[in-house]
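Two complexes are shown next, each including chain A; its partner changes from chain B in the first to chain C in the second.
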Partner chain A sequence: MNVAADRPGRYGRMMTSVLRGTLRLDVLINRIYPTDFNPLYYTGGLSNLFLLILVLSGVFLFFYYVPSLGGAYDSIDYITQRVPYGDIIRGIHRYAADGFIVAVLLHLFRNWFTDRYLFSRDNPWISGMILLLFAGFIGVTGYQLVWDDRAVALTTMFAAMLQSIPAIGPLLVRLFLGGTGVSDETLVRILMLHIFPASTLYLFLWWHYTRIRHPKIWPPAVWVLFCVGLVFLLAGLIPATSTGAAAPAVRPTTLPLDVFFLWPFALLNVMPPGAVVVLLVVLFVLGLAIPYISRREAPPQMGVRHAGVAQVIDGNCTGCELCYYDCPYNAIIMVPSPAPGLSKAAQNRTLLAVVIESRCVECGICIGACPFEALELPKFLERDIRAQVTDALRPAEAVRS
Partner chain B sequence: MRTAYRWGILFLCAVALVFALGIVVGEATDRWLFGGAMIGGLLIAYSFVLLLLRKMGLVGPRKAER
Partner chain C sequence: MKVVGFVCDWSVDLHPLLDGRRLRGVEGVHIVRVPCSGFVRPAWVEDALTAGADGVFITGCPYGDCLNREGNFLMRDRIDALQRRLQRRRIDPARMTMLAYGLHDGDAFVADVRAFVDRLAEKKAAAGTP
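Now for the complex of A and B:
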């Protein structure tokens, strides 16, 4: 389905106005910060920064955490009250998690509004959606690990949501709880469900970067100092606290809910657990489908041409690597040259460019990068371009004559 | 404008010194939350110092932008 084709104009106009707003915001921030310090250009890097802070502070907390019904709350209390700077590290872990989600959401909306999800960029988009899903899940299990009365209520609500899934619900609940009810086993599983998905985030990040040639994976020093400082400051000024110790027999009437991670649980006030699960699944699937359904223009309107995958002309390639560095999609790799080239410049080459067909988007950037005429788009040859340029110039020549 | 930036940096350095003293006080009195907040304040002050240095042109743009 193509939204632009079904409803020409309406969706496109809305997205264009959002794009203009995003660019205006860029210009505004560029007036305050130099362009290389504009935080909106580093939302992905900022996410990485917060993720590293989470990992480092998480390792610290892991040393002291006891995953058992009797020990979890007390160990968190010990970290907060007795371990030097433990309360600060706990606060840093808490606020870096919020910072991570804010940076990820900024990254998502910015890339959505500026159309950076089309064609070959669907790969980073889909891996990004999975990263977001995992991040949300890790946040929920983080709140459960504290094992205060909020954690008990969250665990109960989460089990109810799992239970509502047809056919496999009861099995999932048993897997999650480690039995028929909450036990020490449950805390061990929640800890694993916190740490294991957190570790796999780096695997998905690798996938996220696979097809991006020059990803900005780290923010400039100004923003590293500011963000690290901000989480320290917040941890000191508004310490992360637990609610009361878990008392499974007492059902709390109100719970403080984190707006970034726990909003699905707030929906349970107005919707049955099954409906919340369906809503989450629909949101996730829609998120995955954005590259395919939410184009403001159809490919013909964008003037997309099918030029064919770039081809290396073996005899002309000198192994200079210019195309390799210029390709924004990591579609060109350099391999040891099996034999010298045919042209004079290619006689002493040691490397040979090879195009990975599945990654090539037929953009022609490599053609422009190559000074040795060693690359071609098979359905859009240089002579065709020359002919087009000549045709385009013809009226001007006629007017001049 | 450079003079304003210079005064800004001097002011931020003074603020950073106060935060540094705060870290010492927090450590000496075992008030870890206070000490932690002071570390945060110090880093934020440094970030603004770096921003002003960049605006003055003393820390350069990336190589590609020169």
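Now for the complex of A and C:
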């Protein structure tokens, strides 16, 4: 990568100031809450909490939903009017979705601004972008399922966007609508497109977590209670509503659009459908490319001192698994030991630690974990650290003697 | 006073605070910079204490905000374990401590180190006068 050698570019300076701002915000919130309860440290866990609320309320709604042109709107109406607490559950599903997207976006920006996507940490970033894309898509189909006049307009606009894709556009429209026009099949497909990506979110979450040991997947209890309470409160105070039964003959002139999920449709006011599709694709590709193109400077200018991938000293490793448990990135695996080690403690080992180089971020946490001197960072040798400590203690010794 | 401090590269910004390897403004504090607070092997702390250091502190990022996710939590636990172990060998556990400060908390960091050094000096004086 060719980066200006001497000084960080405008982008670099902007990211540095954003990083400063993020950390200041942390300090500010840490003054209000103890650091273990700072909600900004749990944005991922909060997203997970909202996702669970969505799944639970979604299963409830699924029991009553009728995916057909005539039945969809009435079944939603039935849930809202007749089912005990149905309106509350519907509101919960609605507001938890907003909470989810807010938490996800905070998670994204926080990890972006604090450089937690670079080098070996691109896997969570890439899987996270796919999770975000799916979350947006699930949100849009969720608005379509209600089948009020907004949903009909959204479906028309979505079909127009698909149609504008060259070559495969008409095919995609046929696949999406389940025929040449909107029919009962369409709502079955939309329901499928709502639930299937929601299920695969958990698959991508598994990928999201693979390289992370002890991921913080759940916020502290106080924030769980707060968020559940907030969602209940909103659902009770501002019930989720439909805009009015779909009437194909009447074209609505204005529609209330959700900021978080439906902003691409708002853009259709000022852009042709093709341009919106191109914009979405460009945004997604740029998002995927962030870990590779958005390094602000070369590593030395970022203050990264390259420590080198941790190395296991075969002769000293006793196979005790301490480094394996402490490595935050699952970069150390234990394999059956091919031969006994050299040191006395390593004579009877059955396991040997092996570092997966592509996962190692050179943090050195395994060095602190190892009591047998069986791990080293090539450029931070134990010898040098000990020499520095000895150096620190020497002059005063000389004065005393 | 001879105090050794292991300071994480990502926690306090040391550029304005350091004089070579010594902490400006606090007497006798020598800084060893490490890539992460979790890098510090408890044996080094123990050896520094037995080799004549009056105190050792380790500084990591604020809890919950470690760049390497959990280096500072792990180090806090290791320091706790080390303190219990050294107590059995009649080494005062107050001679080692774990601090957590972010990039821009330089002033608070220095104040905390000064308090730590003052505490050590008091203890030393109390032990020195029979």
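The working rule: the second predicted complex is superposed on the first by the 328 of 401 C-alpha atoms of A that agree within 3 Å, B and C clash if a C-alpha of one lies under 4 Å from a C-alpha of the other, contacts with A are read in each partner's own complex, and residues count from 1 in each chain.
To be clear about the criterion, a residue touches a chain if its C-beta (ideal position, glycine included) is under 8 Å from a C-beta of that chain, and two chains touch if they have at least 3 such contacts.
The model shown is predicted, which means the values in this text are computed figures rather than measured ones.
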Which partner chains sit in contact with A:D36 here, chain B, chain C, both or neither? Use first/second/both/neither.
both
Considering only touches as defined above, state whether A:Y64 meets chain B (first), chain C (second), both or neither.
neither
Which chain, chain B or chain C, ends up touching more residues of chain A in the combined arrangement?
C
May I ask you to decide whether A:P239 touches chain B, chain C, both, or neither, giving the answer as first, second, both or neither?
first
Check the residue A:F226 against both partner chains and state whether it touches chain B (first), chain C (second), both, or neither.
first
May I ask you to decide whether A:Y292 touches chain B, chain C, both, or neither, giving the answer as first, second, both or neither?
neither
Looking at A:Y85, would you say it contacts chain B, chain C, both, or neither? Reply first, second, both or neither.
first
Do chain B and chain C land on any of the same chain A residues, and which?
35-36
Chain C partner, complex, touching residues on chain A are 20, 23-24, 26-27, 30, 35-36, 38, 41, 114-116, 212, 214, 303, 305, 307, 326, 328-329, 361-365, 367-371, 377, 380, 382, 385-386, 388-393, 396-397
Residues of chain B that touch chain A when the two form their complex
32-47, 50-51, 54-55, 61-62, 65
Partner chain A, residues of chain C touching it in the complex:
2, 4, 9, 21, 28, 30, 32, 34-36, 38-44, 47-48, 51-53, 62-65, 67-71, 74-75, 78, 100, 102-105
Which residues of chain A touch chain B in the complex?
33-37, 84-88, 91, 221-223, 225-226, 228-237, 239
